[in-house]
Structures are given as C-alpha cells and as structure tokens.
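Two complexes come next, and they have one chain in common, chain A, joined by chain B in the first and chain C in the second.
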Partner chain A sequence: MAIDILLTVICSIFALVVVISSNPMVSAFSLLTMFVAMAGIFFQLGSTFISAIQVLVYAGAIAILFIFVLMLLNIDDYKKHLSRNNVKPIVGIVSAMVLLGVFSIIITNNFDYLSKDQLPQTNMMDLFKELFEKYLVPFELATMLLLASVVTVVSMLKKSLGNNEDGDQA
Partner chain B sequence: MIIYYYLAAFLFCLGLVGALTKKNLISILLCIELMLSAVNLFFVLFSKTTGNIDSQIQVFFIITVAAAEAAIGISIIVSLFKKINTTESDEVSIQSE
Partner chain C sequence: MINEILILLAKVIIIILIPLGVLPLIIHVERRGAAFIQKRVGPNRVGPFGLLQPLADVVKFMFKEEVAPSHVRPFFYKLAPIFAVMVALMPLASIPLCAPFIIGGETIFPESFRSSMGIFYVFAAASLGSYAILIAGWASNNKFSMLGAIRASAQMVSYELSMSITLVAMFFLYGTNDLHQMVAYQNETILGFLPRWGFFYQPIATVIFLVGIFAESNRLPFDLAEGESELVAGYHVEYSSMKFALFFMAEYIHMIVLSAVFIILFFGGYNLLPGMSLLENMIPLPILQTASLIIKVGLMIWLFVWVRWSLPRLRYDQLMDLGWKRLLPLGIINLIITVAFIYFQK
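And then the complex of A and B:
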C-alpha cells in the first residue's frame, strides 16, 4: 500500500510540473519521469507486459523524440511561452466539472472489489492469443496507421525542407 | 487500488487544462500525451477490476495511435518552425502568406 501511494504522489507531482513549467524542456523531462512511474503502477497492477511497453515505447521513444526535437529547434525564448490567462477561468471550471463527474462515478460504483492479492496476473500467452485471434483486423489496421504516418511525415518534411537532391538517397 | 482511479482522473484533467492553456505547440503535444497516458491507466484498471483482458488490448492500440500522433505532430511543428521560425501557437495562421 505504501508503494501505491508513493507512485501516485510521484506521478501527480511530475504531471503538475509538466503543466506548470514554462520551459518545454523541463516539461518533457518530467513527462519522461511520469511515464516511468506509470510503468511502475502497471507493474504493481500485475500487467507486466504493458509496463514494459510503457517504458519502451512511451519513455524510450515518444518522450525521447520530444526531447530530441526540442534540442534541435533550440528554443531559447521560452520565457514568453506562458499560458494564456484569458481562457484560464473557463478551462478551470470545465476541467473541475469533468474531474468531479469522474470522481462521482468512481465513488458511486465501488470499483475496488478486488484486493491486491486476488488481482488476476495477466498471462502474456492469453494476451497475444486474444490480440492475434479476436483483434487481428484492428491489429492490421494499426500497422496501416503506422505506415500512413511514416509516409505522411516523410512527404511533409521533404516538401518543407526543400528539394534537396542529397535527401533522395535516404 | 482505488487511489489509481483518482490518479487517472486527475492526470486526465491536468492534461486537459494544459492542452487548452499552453501557448507553446510542443507543450500542447506533451499535455495530449499526458491525457492519453491517463486513459491507458483507466483501461488497465478496468481490465483489473472486471477480470476481462479485452481492455488491455485497447492499450496497445492507444499506444500505437499515440506514437503516430506524436510523429505527425512533431513533423508539423518542424515544418512550421522552418517557415515562421517560432513554435508559438498564436503566431500560426494558415492565411498568413
């Protein structure tokens, strides 16, 4: 139970830093830390494969990609990247209502009927059997999505970076 | 385990606030990743609460969509940076040419 509270506090603090900080680099690094802490939460919940995927894909690929691009773009005038204050009250009200709605759903439905020792350990064989039998068509559609995103990124950056003949080799 | 439900709701709303109030485009993308991650946590929790493995399959697809979305968003930001030399969302307008 102590480690649950510890992971929750770590996640909350670093997510707050992501939103509060005006420096995008600080935001990206704290998002990376939050992803690793969330992988710990998944491990605590017994789904170890999702935890490994979280570290590999989210922390290792997506957050590092953000940090890499931030280093490439070399944004040094981040002091004026503050939040927009005129929409803050309405956004605060809307998100507080969403938060209260979800909290009321959680309180009234009493989700917590499985204690920690009776959590079902997720078997990887079951997971992949489900993925490759029942969800085969969505899986193939996901590969099509990745292919489409690769084609989009390459064509967009090729157009924006100019007709460089050296780039055609790659 | 109930504390994780509150954590997921809190993270989602925090990402919502950040995505709507940030001015830097990269920070907006980071907050969207925060929201997607909170939804992942919700799906894993539902899978654990109901004992059903289908919710964990959804997490794979959410991670795939998040990776594709991050790649395309970053390429849009790099294209904009080459053109107008800033990443502030207020400076961006399609009709600016």
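And then the complex of A and C:
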C-alpha cells in the first residue's frame, strides 16, 4: 500500500514538473521519470507485461525521441513564435475545460473500486487472446492509422527536400 | 520473514559483487590483450604480471581532485554517473546464475527479482542505459559532449530495434519468456552430440544479436560516442576522477550483462560445459552452473577485446546503414521464416 501511494505521488509530482518547468530538457527527463513510475503502478496492479512494455516503448523509445527533437530544434525561435501569436490564453481555456470535463465525470459517476485480489491477473496469453480475437479489427485499424501517419511524414519530407534541391525555397 | 530478507540480501550482494569483483580483472585482460595483439608488453610492473595495476588505477581515481567546470548544469552533471552505474546494475536482478535449488526443503531461485516479466524486464532495464549518456552529454554543456550523446543514443535506439526483432524470434522458438525455462530447453542434445543451443537453431539471429550487443555497449567498432579523433572523448569529456571511473564501470557492467543475456538466449546459459559433469560428485551443482556461466561470459569478454583491436571504427552513415538497411530487414526475414517453420511443424 505504501508503495502504491509513493508511486502515485512520484507520478503526479513529475507530471506537474513536465508542465511547469521552463527548461524543456527538464520537462523531458521528468516525463521519463513519470513513465517509469507509471510502469511501477502497472506492476503493482499485477499486469507485469504491460509494465515491461511501458518501460521498453515509452521510456526506452518515445521519451528518447522527444529529447532528440528538443536537442535538434532551436527552441528559442519557437518561443518567440509562441509569444507573438498569443496562444497562451486559448491553450489555458481549452485545457481548463478539458480538466473540468474530466473532473465532472469523476464526481458524477460512482466508480466501483476493486481491491487488489479482485483484479484479473493478466498474463501475456490472456492479453493476446483478447487482442487478436475480440479486438482484432480495432487493433488492425490502429496499425493502419500509424502506417498512414508514417507515409504522410515521408511524403511531406520528400516534398520539402525536393524544394531544397531545386532552390525554390527563397 | 527474517530468513527471507537474509536470503534476498545474500542474492543481491552476490549478484552485485560478482561483476564488480571481476571488473579490475576484465580491465587488466583488456589492456594485456591489447598489448598481446599489438605485440607490446602492456602493464607488467605493478605486482605479479601487473595484476595490481587496476588497483593502482582505482587509488589514483579516488585521490585525484574532482574538477567540475563552471559551465555545467550542476544537478544533472552529478546525477549522470550515478544513474549510469545504477541503470547498468538493474538488469542483473533478473539474470539467473544457476537453476533453482533446494536448501532445507525450500526452493531458492538465484535471481533476486523474479516476476512473470522474465526477459522483458532485462530488456526494459537495459533500454534505460542510453539516458545516462544523454544526461551526461547534455549536462556537460559542451559541443563535443552533446554530439557524443546524440550519436550514442541514436545508435542505441537503432540497434535495440533489430535486437528486439531477434528476441521475438527466440521467443517463438522457446515458447516462453522465463529465463529458467529457456535454459532448460537448451539442456538437451540434437543428433546425439550437439547441445541444443539456440545458436544451432537461429544462427542469423545470433549474428544480429551479437552485432547489437557491440552497438548497445558502445564498444569498438561502434564507439562513435567517444570517437577520439573527432570528439575528444564524447559524452564524458568534462568528467574527471571517480565520476569518469563510474562511466567506465557502467560500460563494463553493460558488457557483462548483455553478454550474459546473449549466453542465456543462444549458448545454453548456465548449462554445464561439456566435461564439467565429471565434477558433479565433488562440487555442488549450483556452484558448477555459476562457474559455467561465468566461463562463458569470460569468453564473450575476450571476444569483445579481440574485436576491439581487430576492426576499425565505422563511419556514422555506415553504422546507420548497417542497422536500418541490413540488420533490421534481415531480422524481419528471419522472424517470418521462424514463424512459418514453427507454424507448419505443429
């Protein structure tokens, strides 16, 4: 129980740091810590496979991509761009509305809380049976979505590269 | 309860002390091996055969003044070396040194962290290793460090992909993610004399995984993160004394861990080497199995040294070509063939 509370506290604190910190690299590293803490929560809930995949995919690959993009971009240019467009109030209003919606759902609905023994002990076999039998179509559709995004990015990149070669970008 | 805690403590201490204890020896072997390959003498002045040289190095590292440049980011600068060693030690928790054995009616598993994650835990923990280098490179606030860190992390992420693909193939072969069961599968023989090692079923996967290990631990021919001729020393330019030694340690522990995983997946893990079963009456089995695993890992370390002084460093575009255009497609083809074989066999 103490471990659960500790993990939740770590997770919330670092999630806050991700948003609050003015240094994007600190945000990225906090995001990483949050992913690892989240894996700990999954482990405590008994789904060990998901927790391993959480670390492998989110902490091991996605957070590193974030850091990569941060290192390769010149962030100060984008900061100027942001302050000129004055998007801060709009972003604030939208996120406040989303947060309000989430809170209202939590308050108005009565959720059943399961104790730890009642949780299903998922192993990989059960997980993949569900994934490939019950949810096969949504799963395949999700992969098609990912493929579409990859193709889009490559085609856009090719276009801009082509412009560079012709010297059209002035 | 106290018994359980004591057993756990013993396991943790043993699994940490073995790599830390052989570390000076590995460094010595590396330097003497380099000298041997290049027809030099190597360090041979301190103690018999120069065996005390690593000890002298440690004393020097300890007493050297620690210099932290003023332009670094202090918190992350101090965090990086600690994080590097911590993350390097983490996968060791799930690596089995011997088969589960029985003492006083109780079955004892040799690994200190046993869960249904099995090999996924080892890979998940090892995948965090690139962050230590990234943090070090970024916190040093120096162009050489930064370039080294970016190179290292790009390389590690790319090669992790092809390693994971081969892992999936091995996963289909063994039908389990439990390291003990994987080793037990390899305990039998094929054709009466060959041990049933993963290597004989999956030679392509073995090669891909081996290349992946070299890239993951940033060793030559993939040590672009430190490329002395271009980057001074890459991500640890700004580190001196014990902080540098911690990075050094982390690299070697990484090598040991990845070699152990490689041995467990492809070369029979802790199964006894041929001829060792003669000693079974004299020495308890768990100790023999541990010795067998350590001997195999030792041979892998010698391979690391051998390759380091035989092959030149790759260029960066060659490195990326090898990872994405050769190893990854090869791994996918290997996976498809493996799956087809297993499907039609059933």
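What we mean here is this: the second predicted complex is superposed on the first by the 119 of 170 C-alpha atoms of A that agree within 3 Å, B and C clash if a C-alpha of one lies under 4 Å from a C-alpha of the other, contacts with A are read in each partner's own complex, and residues count from 1 in each chain.
Keep in mind that, in the parts below, contacts are C-beta pairs under 8 Å (C-beta built on N, C-alpha and C of every residue); 3 or more make two chains touch, one makes a residue touch a chain.
Everything numeric here is computed off the predicted structure, so don't read it as measured data.
**Student:** In the overlay, answer first, second, both or neither for which of chain B and chain C A:Val87 touches.
**Tutor:** first
**Student:** Would you check which partner chain A:Val55 touches, where first means chain B only, second means chain C only, and both and neither mean what they say?
**Tutor:** So A:Val55 only meets chain C here.
**Student:** Looking at the overlay, what does A:Ser12 touch: chain B (first), chain C (second), both, or neither?
**Tutor:** It touches chain B, and chain C stays clear.
**Student:** Classify the contacts of A:Glu140 with the two partner chains as first (chain B alone), second (chain C alone), both, or neither.
**Tutor:** Neither partner.
**Student:** Report the partner of chain A that touches more of its residues: chain B or chain C.
**Tutor:** More residues of chain A are touched by B.
**Student:** According to the stated criteria, A:Met124 is in contact with first (chain B), second (chain C), both, or neither; which is it?
**Tutor:** After superposing on A, A:Met124 lies in contact with chain C but is clear of chain B.
**Student:** When the two structures are overlaid on chain A, which partner does A:Met34 contact: first (chain B), second (chain C), both, or neither?
**Tutor:** A:Met34 contacts chain B only, not chain C.
**Student:** Figure out whether A:Met71 sits in contact with chain B (first) or chain C (second), or with both, or with neither.
**Tutor:** The answer is second: A:Met71 touches chain C but not chain B.
**Student:** Which residues of chain A are in contact with chain B in one complex and with chain C in the other?
**Tutor:** On chain A, the overlap between the chain B and chain C contacts is residues 53, 61, 72.
**Student:** Touching residues of chain B toward chain A in the complex: what are they?
**Tutor:** Per the stated touch rule, the residues are 1-7, 9-18, 20-24, 26-27, 29-31, 33-34, 37, 40-41, 44-45, 47-49, 51, 53-54, 56-57, 59-61, 63-68, 70-72, 74-79, 81-83, 87-88.
**Student:** Which part of chain C faces chain A closely enough to touch in the complex?
**Tutor:** Contact set of chain C toward chain A: 76, 115-117, 120-121, 123-125, 127-128, 130-131, 134-135, 138, 146, 150, 153-154, 157, 160, 164, 177.
**Student:** For a test of understanding, state which residues of chain A touch chain C in their complex under the given definition.
**Tutor:** For this pair, the touching residues of chain A are 25, 29, 32, 36, 39, 43, 48-49, 51-53, 55-56, 59-61, 64, 67-68, 71-72, 123-124.
**Student:** Under the definition above, what is the set of chain A residues touching chain B in their complex?
**Tutor:** 4-5, 8, 11-12, 15-16, 18-19, 24, 27-28, 31, 34-35, 38, 41-42, 45-47, 50, 53-54, 57-58, 61-63, 65-66, 69-70, 72-73, 75, 78, 80-84, 87-88, 91-92, 94-96, 98-99, 102-103, 106, 111-116, 119-120, 122, 126-127, 130-131, 134-135, 138, 142, 145-146, 148-150, 152-153, 156-157, 159-161
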